[in-house]
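One chain, subunit A, appears in both complexes that follow, with subunit B as partner in the first and subunit C in the second.
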Partner chain A sequence: MIYELQIALAIGAALFGVGLYGALSQTNLVMIIMGVELILAAALVNLVAFWRYLHPEVIPAQMFVLIIMAVMAVEMAVGFGIAIARFRSRGSVEMEEARELKG
Partner chain B sequence: MSLILLVLLAPLAGAVLILSLRKFSEVTALAAIGISFAAAYGLLIAGFGGATSQLVLPGLPEMPLRLLATPLTALFSALVATVATFVLLYAVGYMRTDPEKPRFFATMLLFVTAMQALVLSGDWITMLAGWELIGFSSYLLIGFWYRRTGVASAATRAFIYTRSADLGLYIGIFVLIGASGTTEISATLTTTGPAAVIAGLLLLIAAIGKSAQVPLQDWLQRAMAGPTPVSALLHSATLVAAGAILLIRVAPMLPNEALLATGLVGGVTAVVAGLTALGERDLKRMLAASTSSQYGLMLVAIGAGVPIAALLHLIAHAAIKSSLFLGAGVFQHDRESTDFDALAGSGRARPKIFAAFTISALALAGIPPLAGFFSKDAIIAATLEAPGVIWLLPLALAGTVLTGAYMARALGLLWRGNAGSPAGNVVWMGTGIGVLVALVVVLGAGFAPLEKLLEAELGASILAMALGLGAALIGLTLGWFVPMPRLLGPVRPWAQRGFVVAGGFDALLLRPAMMIAQGCEALERRLYNGVLKFGRLNLVLGVFTRKSDERGIDAAIFAFVARTVAAGRKVRLLQSGFIHKQMGLTIIGTGVIIALLLVAPLFS
Partner chain C sequence: MTIQVFFLAFFGGAAVWFGVVVFRTHSMVRSALALLFSQTAIGGMFLVMQAEFLGVLQIMMMATEMSVMAIFMVMFMMDPGGMGAMDMTHQKRLSLWAGAVGFAVALAAVVLGQWGPVALEVPSAEAQIEMLGIELMERSMFIFQSAGLTILTAMVAATMVALAPLKHGGKDDL
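After this line comes the complex of A and B, so read on.
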């Protein structure tokens, strides 16, 4: 059983790594958001794994997962909203070109 | 129109007319005074007929203004009108070349109005108003040549001397009104008891001030700074007479104590002012001192209880002294001075004027049949029968001797010396003098009807006549033959300083007042300096506060702001606007936090 937990954690870590790499390496805003989604998904996998294999009797722990999923949905909506708005105004979602926020 | 009103309004209208037109001032003045003169004589004639007219004008509530023409007041009024008329006639010549003639004649007319209001007053309020107005207009007249040195101060001195004595009149009148409950003069004269004594003494003070009696005799001589017609009008027959007129009118009320005080004041003045006149070096000032002395004799007569004698002397003196003053004015015109040294011999140059002057001088000394003889006799006769005969008789006789002496001395000084040549024609002046001297000569005959008119006949007294004539002759002889320094002897320096006692008012009042003033000034200066120092302190404090505000609080706040801005400038360099860099930083930061969380348990 502990192996199963480790496997799940390994998958979560892999997902996190993929997401982090994606977020940092991609220049397209949509791709960066997808990377961030993967990072969150990795966190979801970890949470579910910990619940399933360590404290399956605590049902309310699943509430964390549901909240994170809601956050992912909201974040995606906001992120894509920004992407669409930027595309409309600038015709591009390439983040290398977006330097307006420089201090 | 009522004659009383005409007496008053004619000169007043004349004054207003002259001041508004500024032309024809002589004609207007003579016309106005002529109408007033005629009206006054109308009153007098009515008075001889036994008529008494009274004019009640609305005044203060329950205190109407009354103008009263009894035989006595009508007589005063006629006297004032007569002297004023001839003085103005003379002034036409005297002021011929003065550029400010209108002001002169207007003020003279104003003065005459005020004086007529005073003598005709039937209540104390009118009397007071007239009294104040003559004081005021005399101030204007004495100071007429206000540009000359010393004239303004002489006018001020006269004003202040008489004003300070006027306080007696005010309080005396208030006492009388308070005691009797009415302002009508004739009604208040029934006052008796302590109120009468107090009021009498207070009125005496007022009379002392106006009539230049001891101890307030000094102002009259200084008042000679005015034009000579002014001296003749104000200081012989009207202004100075106001004091005596006041006392004559209230004489029926005066109790024995007040009478004695009046007599003594008058007697002392007669002697003191007589000595002053004898020692005087200036003709006009000598005449002024003589005026004081003659009014002293009148006060003696009032004090002796025979006001009618004072009245007769007042009338005689008015004519005599105004003609003397007018004569002096002619001599002054010739020599441009009133100093005896400068006037020596000027009598020879104008024999007619000098003759008139001599007649007046002899009349003043009391030589029959001139007016002064009768009036002076009446005074001496009065003192003979007075309760205070031991005091009053010697003083009156000494005053008479001195009168003869100083008049003779003046005649001598004017006669002896180089005649020189007279300057110009003096028709107007001569006319004025001539009429007045004629009055001096014939007035004596008019005294008997006057006595009858006033229902106070004086019996002739051989003793008084002998005494008076003897004293006058002794005085005249001494004055003519004995030089003044020998005559006065050790008293001379005193007399020439006007009998200044213990430094006089200068030392007794002026210097203490000045010292108080200087003390006050020093105190004020100190206070001022204190306030100034306090102010400076506040100023320093203010400057300090401002600087601390600018350099302390403001500077600290600005420095904080500047540093914050600088720090912000450095920090914003981190903001690249490059999203990957931000994310990288986020991850590094998260890594640091996780590392710390992992490391922390190792140290706990």
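After this line comes the complex of A and C, so read on.
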């Protein structure tokens, strides 16, 4: 049974690594959003695994999953809002061309 | 190996594989579909872990979310079909290292962590939904309402940001 927990957590770790690679390596804003989605998906997997294998009687753990899902939706809405604004003003969502945003 | 372990590894492997495909294919539509399959496989993992409500919610939510993402991909990408095989990456080596180190550290924590006794029994699906509903309407109501308000605010903010700017001096100038 302990292996199931470790398998689920290892999958979460792999999703986190892939998402981190994607978020850092992509130049397109939509692809960066995809990387962040994978990182948040890793958090979801870990939360559900901890709930299932360690504390299945603690239902507020599922509440955290709903909050992460809300964060995913918010991240997409704001990301696409910025993408549309950027596309209108510059005609591209390539982040290589967004150097003027650098502080 | 129990059937639960098999399906957990199967859906998990599919989720990671499609996650990798997202960044390996040149076609942006395929990227969006790969992410959809990855998220659906994660929903399958939730079902295997007996979190039925969360599994179905994950699959339904991600199906719509990724469909919207595919539309945005086609709208915004210079080469959405990937026919030109454009390279849209930068700092590849640094990103690979960061991803590999992140994975290795997290995996080390998984392997070396003392996780304690593992629960064998899980409340039934009906009991879970009932308890979650009561939790949402009682102790976690403020958090849940805050999440709803945050989504509403983000939707309004995203719409305002995305609107075309008004032309000054014109009849639209308020």
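The rule is simple: the second predicted complex is superposed on the first by the 102 of 103 C-alpha atoms of A that agree within 3 Å, B and C clash if a C-alpha of one lies under 4 Å from a C-alpha of the other, contacts with A are read in each partner's own complex, and residues count from 1 in each chain.
Methods note: a residue touches a chain if its C-beta (ideal position, glycine included) is under 8 Å from a C-beta of that chain, and two chains touch if they have at least 3 such contacts.
Fair warning: this is a prediction, and the values are worked out from it, not measured in the lab.
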| item | value |
| --- | --- |
| Fit or clash between subunit C and subunit B when superposed on subunit A | fit |
| Touching partner for A:24 - first (subunit B), second (subunit C), both, neither | both |
| Which superposed partner A:69 touches (first subunit B, second subunit C, both, neither) | second |
| Subunit B versus subunit C as contact partner of A:15, first or second or both or neither | second |
| Partner chain in contact with A:99 - subunit B first, subunit C second, else both or neither | first |
| Subunit A residues touched by each partner, larger count belonging to subunit B or subunit C | C |
| Partner chain(s) touched by A:32 [first = subunit B, second = subunit C, both, neither] | first |
| First (subunit B), second (subunit C), both or neither touched by A:41 | second |
| Subunit B versus subunit C - smallest C-alpha distance in the overlay, whole Å | 8 |
| Subunit B/subunit C common contact set on subunit A | 20, 24, 27, 96 |
| Contact set on subunit B toward subunit A in their complex | 571-580, 583-584, 587 |
| Parts of subunit C lying in touch with subunit A, wherever the complex brings them together | 4-5, 8-9, 12-13, 15-16, 19-20, 22-23, 28, 31-32, 35, 38-39, 42, 45-46, 49-51, 53-54, 57-58, 61, 65, 68-69, 72-73, 75-78, 88-92, 94-96, 98-100, 102-104, 106-107, 109-111, 115-116, 118-123, 128, 131-132, 135-136, 139-140, 143-144, 147-148, 150-151, 154-155, 157-162, 164 |
| Subunit A residues touching subunit B - in the complex, by the definition given at the top | 20, 23-24, 27, 32, 95-96, 98-103 |
| Of subunit A, residues touching subunit C in the complex | 1-22, 24-31, 33-35, 37-38, 41, 44-45, 48-49, 51-57, 59-60, 62-63, 65-67, 69-70, 72-74, 76-78, 80-85, 87-88, 92-94, 96 |
